[in-house]
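Two complexes come next, and they have one chain in common, chain A, joined by chain B in the first and chain C in the second.
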Partner chain A sequence: MHHLLPVLVAVPLLGATLLVTAGRHLPRAAAETVGCLFAAGTAALAIALLLNSSPPMTDWVGGWTPEGGESVGIVLVGDGPGLGMAALASLLTVAALAYSWHYFDEPPRRHAGSFPALMLLFQGGMCGFAIAGDLFDAFVFFELMSVVAYALTGHRVEEPKAVQGALSFGVLNSLGAYAMLMGIGLLYARTGELAMTKIGEGLDRHGSPDALTLAAFALVLTGLLVKAAAVPFHFWLPDAHAVAPTPVCMLLSGVMVELGAYGVWRVYRTVFSGPGGIPASDLEHALVVLGALTGLVGAVMCWYQRHIKRLLAYSTVAHMGLFLIGIGALSPEADDGVALYILSHAGVKAALFACTGALLDRYGSVDEHALHGRARELRGVAVLYVAGALSLAGLPPFGIGLGKAVLEEAVGGPLTVLFVAVSAVTAGAVLRVAARVFFGLGPRPDDESSYETTGKKEEPETRSRLSRVPDTMTAVPAVLLVLSLAMGAVPGFAAAVGHAVSGRAAPAPHWTLIGVLLGLTSTLLALGLATLAATRPKLLGDGAWTAPLRRLQSGHIGDYVAWMLAGTTLLAALALPTILNG
Partner chain B sequence: MTRRVRLLVMAVGGTGLAALLVAACFDLPRFGGDQHPYGDRVVRASLARHTANTIASVNFDQRAFDTLGEMSILFASVLGTVVLLRQTRDEHRAAPEPEQVALPVRRYALLVLPVAVLTGLYVIAHGQLSPGGGFQGGVVVATALHLLYLGADYRALERIRPVGSYEVADALAASAYLVLGLAGLVAGTAFLADFLPYGTFNTLSSGGTVPLLNAAIGMEVACAVVVLLANFLDQAVEIEKEGET
Partner chain C sequence: MSVLPYLVAAWVFLVGCYGLATSRNLIHAVGCLAVCQSATYVLLLAVGYRDGATAPVFSDLKPGSRPVVDPVVQALALTDVVVGATVTAVLLALVLQISKLHGTVDPDELSELRG
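Our next item is the complex of A and B:
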């Protein structure tokens, strides 16, 4: 079975080459069918491998199995978390392709297969990164998914802002990748190895950590945290999500950003967790500080957006903060919680983006203020939107609620307040949008906004404005929401996730009374905030105190790069005590 | 942010990073040591598989999966470029004007063109034996074709460069690499396994699948660079915004 691990990468790439070869002669429907088939085939393979991932598989590509403990080949790791991420990425690719089916704006002339081909390449890159057990190999597939993501983000080149968003995405993530490559170089110089476990052993053999270990740690984590959109590396994300086509947003927010957090988890566990690496307390310190900062900044920024896609993007930033805190806890219970949280967050966030896409294609706007009361007729979409918002708040029995409850219990203490606050504020913002746009609640907000980007005068992603929302565009988010409901409500599922992630090290994740109460608390808070904001907008103030924070999102790439440098320094400073004491 | 604040943040971050890197450099192994654990292992492995050029053995055998990723990055960049530099609704295509080229330039370009193409093909074909290989040779072949742009004009270049066919050839070469990898799996060992006979050391057919994978990369890179340059040149030479003449 382990021989099939690299096939997980080969199948989508083969599909992409086929689509480019035949794309000139294929009608559009055929190209899209081929794309869906390859994506679905990969998803099926990923799930089949996942079901066989206990005990974890390893595969040496090209048959370079180690002799005498040494190998020159590349190792792939098929364990629960890795194959789980690959399966998630693949399923979400299928969902995004199904969503864009037939309606997505016309492809370039005689290139019918180019959009599904890019999606398949994206899927291949994400699968390759998820199963990489070799640090350099992980970097290569990390780059593959980045390159495809830049192209997909800038897909609508007719609009200057699409080019601008894709450019800042490209510059920031490429710089992050260079930092990561430099870190890999330092680790290779020290150990002469590229396989992650081997690097870890090499560091331990060398003795206690020194400046080189610290620099490698900070640089590798910079690359991963840029992808994971941790503050202060996060600035590219809202700019990119606001301009990327909806099916691409579903993948970016649902799984690509989370892969950055997954990379932090994988790299720390295998490379830096030994006595020659960075002590657990320092990692926890660094991730809790960055995670809390990310959660707070993301939640505040999310609340003050009126461009719905930007609002959802900041909600992703906020939730990434919570994932990072969970990863920093370094306990099997927290790992289970984060895994469940990521899985159901992917479904919910993709569904919310899908519904927003329907608004864009129907009304040519994603502006909360301009759309006030206009979408009353879209009852189905309204139901989906509200359900998505409530599950984002952690309403039991949705999967997000369960994941968050398990995580809150594992992390405990004052951080629980942060978890409840972040989910209440982000979900409250989404509920406020739903209340205004779908139900026309409260007074019509005035059109003036000094800072925020409006979402007016956007081009629909379909050939022309839709007169009715097609069934595929509502069926996909509905299925995604049902799945994320099932993740929390079907008792066996959470146990299976727990088993795949941490084996028998932690009890199977389950609902507790406290967990249910915390979930209900954040849901009620979100409902309260949303009602207050929609009906009595003056009571909550205009948020003038957040103006300096909001001005940081300037759109100036130079600003973003400066913050990234500062972030790397901060990361190193947070882990510095080790070196000084060692 | 104002320029001042930006420079301040940049200075703080940059200084911290610089200090970190300098400190890390002092912990690097000393230059010119005699311990090369990875190098020793790699050379042993490449000799065992009759591949004279160790770099080719690393690229197309020991770490062929990385090369698959790198090739896919190039393939994705080309596809991304084709999509992003498409002729949009507000642009139209203007036929390029014929150009006069100075006679010495024309003579030189036409003389060098076949030599350069041949050199590129040689570099690809001997990838498993001597320095070079598919990546390098592919770039040489692709740029050699563009001597026609210098020696004649854009229309002459377009005649030998049907971009559509190069796009298809690019995809075919990429799929050839993948199919060879899957063949390794079917032939019984593993994905991208070197399943062919290793042949006689230091001959063109040595190294098993290495020359085949190398050739696939050569073709992929050559076609990819042609398509990339074609798209950028098109943007510069032919495509104009609505309203411009």
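Our next item is the complex of A and C:
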């Protein structure tokens, strides 16, 4: 079975090549069918491999197996978490392609294959990153998925906002990737190995950690945390997500950002967790500080957005903070919780973006204030939107609620307050949008804006404004939400996820009374916040105190780069006690 | 083996970052990103260097007769060059579109996305 691991990357790349070469002569429906078939085939393969991933598979590509423990070959690792991320990325790609079916307007009109081809390349890069077993290939796949993501973000090249957002995204992520490569170079210099587990063994042989280990740790994590949009590496994310085409947003928010967090988990577990690496207490310290900061900044910024896509993007930032805290806990129970949380968050966030895309294509705006009460006729979309917002708050029995409950139990202590607050505020913001846009609740908010990005005068992504929302655009979010409901409600699913992630090290994730109560608490808080904000906007203030925070999000690449360097320094400082005590 | 190449690599990376942070022109910024990447070439080649060794090309060299520098890092650097070319091409294409649509390549004058 392990010989099939490289096929997971090869199939989407082959499909992309086929679409690029033949796309010019294919009618649009044929190109889309080919794209969907290749994406779905990869998804099926990923799931088949995932079901056989215990014990984990290892494949040395091209038969370059180690001789006497030494190898220069490329190693792929097929274990539960890696193949799970590959399966998630593939399934979301299928969903995004289905969503864009027929209606999504693609700029190069004479080349129907270009958009599905880029999506397949993106899928190939994400699958490759998920199963890469050596650090250098992880870097190469990281760059492959990043470059395709820049191109997809700026896909509507005639949109001024789209190209600007794509450039910030590109510069920040590439700089992060180069920092990661510097770290990989340092690790290779120390150990002479590239395979992750081998680097870990090499570090342990060398003895206790020193300045080089610390530098490598900070540099490698910088690259991954830029991708994971941890504060202060996060500035590119709202800019990119606000401008990317909706099907691309579904993938960016649903799985690409999460792959950064997955990378942190994998690299720490395999490379730095031994006695020669960074002690667990330091990693926990670093990730909890960064995660709490990310959760707070994301939630505050999310609440004060009026551009709906930016609002959803900041909600992703906030939830990434919670994932990072969970990863920092370094316990099998927390891993299970994070895995469930990521899976169902992907479904819910993709569904919310899909619904927002329907608004954009129908009304040519994604501005909460301008759309006030205009979408009353879209009953189906409204139901989906509210369901998505409630599940984002952690309403039982949605999968997010279960994942969050397991995570809260594993992390415990005062951080539980943060978990409840972040999910209540982000879900409250989404509910407020739903209340205003779909139900016209409360007074019409005033329209003036001096500094922030509004969502007015956006171009629809379809050829012309839709007079009705097509069935594919509502079916895709509906299916995604049902799946994310099933993750929490079908008892066997959570147990299977737990088994794939942590084996028998932790009890199968299950609902507890406290978990249900905490989920209900954050849902009620979210409902209360949304009602208050929609009916009595003055009561919650106008957010003037957030002005300094909002000015940081300046859209200026230079500022973002400076923040990234500050973040790397912070990361190194948080892990510094290792060296001083070692 | 002296520590100089490592210091050079760190300096090149930081000077590229400085250029990016203070850039007044997006084409210049993409160039600075390429400078940051050059630091990774310097670092990788420095890691593989051995005193008195020659290039790892065995067409005119009997294996084992002379020490050679580490070929793995050279393969990494080559891959890195390919990655860099792709990134630079995509980013420059985006700058071109920015210049066409915004009428400027000065990042201080781009104000579409903020807050």
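Things to note:
Methods note: the second predicted complex is superposed on the first by the 577 of 582 C-alpha atoms of A that agree within 3 Å, B and C clash if a C-alpha of one lies under 4 Å from a C-alpha of the other, contacts with A are read in each partner's own complex, and residues count from 1 in each chain.
In this text, a residue touches a chain if its C-beta (ideal position, glycine included) is under 8 Å from a C-beta of that chain, and two chains touch if they have at least 3 such contacts.
As the structure is a prediction and not an experimental result, all values here were calculated from the model.
In the superposition on chain A, contact of A:Val140 is made with both chain B and chain C. Measured by the number of chain A residues touched, the leading partner among chain B and chain C is B.
In the superposed model, A:Gly73 lies in contact with chain B only, and not with chain C. Of the two partner chains placed around the shared chain by superposition, neither chain B nor chain C is touched by A:Ala280. In the superposition on chain A, contact of A:Gly62 is made with chain B only, not with chain C. Once chain A of one complex is fitted onto chain A of the other, the partner contacts of A:Leu26 are absent, as it touches neither chain B nor chain C.
In the superposed model, A:Leu214 makes contact with chain B only, not with chain C.
In the superposition on chain A, contact of A:Leu565 is made with both chain B and chain C.
Residue contacts after overlaying the shared chain place A:Val482 against neither chain B nor chain C. By the touch criterion stated above, A:Ala151 is placed in contact with chain B and with chain C alike. Overlap of the chain B and chain C interfaces on chain A: residues 72, 136, 140, 143, 147, 150-151, 154, 157-158, 186, 188-189, 551, 554, 556, 558-559, 561-562, 565. Of all the residues in chain B, the ones that touch chain A in their complex are 1, 6-7, 9-10, 12-17, 20-21, 23-24, 26-29, 36-38, 41-42, 45, 58, 61-66, 68-70, 72-73, 75-77, 79-90, 164, 167-168, 170-172, 174-175, 178-179, 181-182, 184-185, 189-194. For chain C in complex with chain A, the residues that touch the partner chain are 9, 13, 17, 20-23, 26, 29-30, 33, 36-37, 39-40, 43-44, 47, 72-73, 76, 79-80, 83, 86-87, 90-91, 94-95, 97-98, 101-102, 107-108, 110-115.
Looking at the complex, you find that chain A touches chain C at residues 72, 136, 140, 143, 146-147, 150-151, 154, 157-161, 163-168, 170-171, 174-175, 178-179, 181-182, 185-186, 188-189, 194, 238-239, 242-243, 451-453, 550-551, 553-559, 561-562, 565. The touching residues of chain A, counted against chain B in their complex, run 3, 5-7, 9-10, 13-14, 16-18, 20-21, 24, 59-64, 70, 72-74, 76, 107-111, 114-115, 117-118, 121, 124-125, 128, 136-137, 140-141, 143-144, 147-148, 150-152, 154-155, 157-158, 186, 188-190, 192-193, 210-212, 214-216, 218, 551-552, 554, 556, 558-559, 561-569, 572-573.
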